[in-house]
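You will see two complexes here that share subunit A, one where it goes with subunit B and one where it goes with subunit C.
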Partner chain A sequence: MLHERELKVFVEGTTRFFEVAAQQPASIGSPYLMEEPLALHEYSGLIEVSGRREGVVCFTAPKTMLAVMLMKMHETDFGHETMRDLVGEVANTISGNARRDFGNEFRISPPRVLWGDTPPIDPRPGARTFVIPIHWRSHSAKLVVALC
Partner chain B sequence: MNAAVDSTLKLLIVDDSTLIRRRVERSQRFDRLRLVGSAADGVEALALFSRTDPDVVTMDLTMPQMDGIECIRRMVALKPSVRILVISALADKATAIEAMASGANGFLNKPFTERQLNEALAELLR
Partner chain C sequence: MSLAARFDRRPVVLIVIGALLAAALGTALVSGFRLATRLREDIAAVQAASALQAYPRELVREVSGLRERLEVRAYAGRALTTLRDSTRDFNERLQALAALDHDPARLASVQQRWRGYRAALAPVLEFRGEPYVDSDAASTRLSADGRGLYASLEHARLYALANAHGFDADLAAVTGDLQASASAAATRLRLLLQGGVLAALVLAAIAAWLLLSRARHERAAQEARERTRDILRTVREGFFLLDAEHRIGSVWSDALTQMFGREDFAGLGFRELLAGFVPETTIATALKYVDLLWGDRANENLMKTINPLSQLEVHSPDPLRREPRYLQFDFHRVTGAQGVKYVLCSVVDVTANVALARELQESQQGADAQLEMLIGMTRTDPLQLASFLDTADAGLKLVNAILRSPARSDADFRGKLAGLMRELHALKGEASALDLSGVADRLHALETRVSGCESRATLSGDDFLPIVAKLDELVAYLRGIREIAARLALTEHAAPASATDAIAPILEAAAARIALEHHKMLRVECNGFDAIPQSLAKALKDCLVQLVRNAAVHGIEDPELRRTRAKGDVGVVSARFARTADGYELTVEDDGAGIAPDEVKAVAVRRGLITEAQAAAMDTRAAIALIFRAGFSTAGEVSLGAGRGVGMDVVARTVRALGGRIGVATMPGKYTRFKIHVPTGGKDAAAAA
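And now, the complex of A and B:
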């Protein structure tokens, strides 16, 4: 089960990503336990976690936010494939950085990307599923962390 | 008559993210490097490695098909003088140690700033 103190690892990883890669810190809202299905934004990057911990880490964001992030990263291509790439890279970076605290038995998969009209995701059975709200400039995104 | 000498080093970029590949391509140190190929996974990287004989490689670790550590081992076996900079989100010490033991020469964690990338490449080329 994921403990509240372990959530700090993902909160800090998210903060670091926006501060370094998107050159502007994000404001992180209070994480909450997900008890009902959660609607995803237009693009979502999912990382499967295995090894000592099992579960999933998902970064989901609207297209408008991703476009601004790409601009801040000096990108000039705002196409679908670049958006897909970005959400996957955010999820990968935050999950990979978590190994600083969880160690190398926290194994992560390459990112899988969802986009468009995707059904809401359900809380993961047997795991406490947390939602971390992310506010960056005028945009909002979410990081979902479900680990057993 | 002196023949022109190409003093640039051949660069191969390996990362499953196009964004990261483009960021490395835009690096300020790029004037000392000449891009000879980009690959999105370890299998494609090894094929390009054999074909283009790069001097410098930037290498992701978490990739489909073949991971970066295995790819580094195979590249170093083929060309021991190749200089490899790992660029990875995996931030635990054990992974960095394993990468260096496999033959990597440097390790840069994602996320990174332009300055950090330039410094890591400069260190690699020193």
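And now, the complex of A and C:
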């Protein structure tokens, strides 16, 4: 079972990125438990967690949202590489936040970026998977926390 | 003497040696200066004495020359002037020499001889007359003065000749003496300079050694400081020193910055450090405790046992960090010769430990609950259990579906609450009825979270994180029950539970449990349930559970009260289902206290559902209808059985969803009867479920 405190750490890591980098705070939507495979957006940043908990944390966002984020960050290059870097950076911030708050409790892998036609995430056997919608301006992304 | 004491005295010894050497060097320098002055004077005296040595012969020559001039009657004025000049020069040089020479005895014989010279020369030097007389008869001849002058010259010449050798010898001796004296002074000066140079070298060596030693000590001190800094930077504990005024010292560990989110600790008061993190009363207690540590008689080990900050819950002033943290403060007195110097304070963030302890406690509670659950399961009819698990599964899926529906605004989030409360309450009722306390407790906790959201000024997704976390916990728990039930083969081989078959035992179990909890005696009588269509089973079961619980908690009186009302000790709740011409009718009736409309109105006013004016204008029918309003309950406090005011709301909504209607008949002190009418071919029963 994942504790509320742990969930909050991952959520804060995500919203902090928007507040600091994109200079506009993000809010979270209504969180729920994933019961069926979840389709990912075009770009996803994924970190693997081991130690006291095992599983993955994934931030997935549509291309349009990333493009607006890049604009707010005064970027002029909206290419594939830049979007990959951006989504990787969000995952990196989540990872850093988790490292800061959990210390040695968790071991967190470097972020991995998925893009394009990625298969949906399946609910992990033995782990409850949380989906937390992330709203920023008129766009929505998702944070998926699947740990056991 | 110990090594440490010897080491401590070393600087004093070095200072004494240095002072002695400096004094020696100073003495050498002063003596050297004096010797050099003396040497310079001796050399000047030697030069003066050397110059004087030529004068005796020169004076003889000049006296002889003047005498010869007088003899040949030549002009003598110039020669006399030259003699006077030489005599004056000699006299002046001799006086100068006497002034330079530090040994008056040395010049005594020279001065003695010179006084003789001067006496012999005095008539010559004082001569002012005309030495010649001119006449035509006897040409130029000596005048009387001239003859006197001539005689004086002859006397002086003879005196000079007689003393010339002695005068030379005396002057040579004086010169020799002076040279020997100068030479001796030069030798002493050289020795002195050598000694001075040696002393200077020793001093320089000592200074260099001191500098090296100091540099070595400074390097060691710097290394020690760096190591201390490294330790303070690395440790995960916060360390600082407090003085008697509760002020933090100039050294602290970096972990403190992370704990308190600031860097300006030097001179900061302990009160200011804690301000904003803990209530003012806690700060006051903490300061009193720290004051106690300064007392000489304070027993530190005993003090530890009363440390009010041993596990302090702190809330960050940062609104983004809502989660409380737990800090463990530990205090140690640092004492010196004068008593307590400081109080060393260590702070450890024990949030993870507290969380772990809670997890362990929860785990223990979970194990206890699981055991209890196991016992409950063995008491529960397998068919009912299987039916409940299916119902719970479906109910929680619905709860998750409510959560999944998109929400951004406060209104969106608030709109979810009623649905969540209804579903959770219905499940809780059923779990309680089956005596599945572990499930009921978890549902109650989840319901409490949802209920807590209602009073918040604004709602956001953050408020729903605890709800989804609790939902996850509940889902996992139910999965555990299903697995245990499967292992015990409680449900595996059971025939699929018919929903209608399961209703009566659930109601009876619920009534029995509530009776036990509330010290009541009651009996449930069920009739006609086998006629309930499967399509209505779930919805009507929810209604029945709520109505029977409502009757058991609020309707049936305790035996003592019943006796005063001429009733039997055992209350009766009867539930009947029957077909009617146009549909179905479900009746739940109890022979309890009935509903008092005035009491209902008063409770509604107290709970803010209606105003006093509305209550006053309300008739009995409208007053009784209030019991179906969400949030209405006559129970004083929230419990598993009642209190949230959700149960009757569930009934009303379910009946409405079925397209039915509900009627209430009551007589205070006598009975209450709920009659639910559901039309045949009403709305989709599944949707109502």
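Miscellaneous remarks
In this text, the second predicted complex is superposed on the first by the 146 of 148 C-alpha atoms of A that agree within 3 Å, B and C clash if a C-alpha of one lies under 4 Å from a C-alpha of the other, contacts with A are read in each partner's own complex, and residues count from 1 in each chain.
One rule holds in what follows: a residue touches a chain if its C-beta (ideal position, glycine included) is under 8 Å from a C-beta of that chain, and two chains touch if they have at least 3 such contacts.
The model shown is predicted, which means the values in this text are computed figures rather than measured ones.
Of the two partner chains, subunit C is the only one touched by A:H3; subunit B is not.
In the superposed pair of complexes, A:D85 makes contact with subunit B only, with no contact to subunit C. Look at A:G29: by the touch rule set out above, it reaches subunit C but stays clear of subunit B. In the superposed model, A:H135 makes contact with subunit C only, not with subunit B.
Look at A:S95: by the touch rule set out above, it reaches subunit B but stays clear of subunit C.
When both complexes are overlaid on chain A, the residue A:T14 reaches neither subunit B nor subunit C.
Common to the subunit B and subunit C interfaces on subunit A are residues 103. Listed in rising order, the residues of subunit A touching subunit C in the complex are 1-5, 7-8, 11-12, 27-33, 35, 103, 105, 128, 130-133, 135. Put simply, subunit A touches subunit B in their complex at residues 16-17, 20-21, 73-75, 81-82, 85-86, 88-89, 92-100, 102-104, 106, 108-110. Note for the complex: subunit C touches subunit A at residues 320, 322-323, 352, 355, 359, 397, 400, 403-408, 412-413, 416, 460-462, 464-466, 468-473, 475-476. Listed in rising order, the residues of subunit B touching subunit A in the complex are 16-20, 22-23, 26, 62-64, 88-92, 94-95, 109-113.
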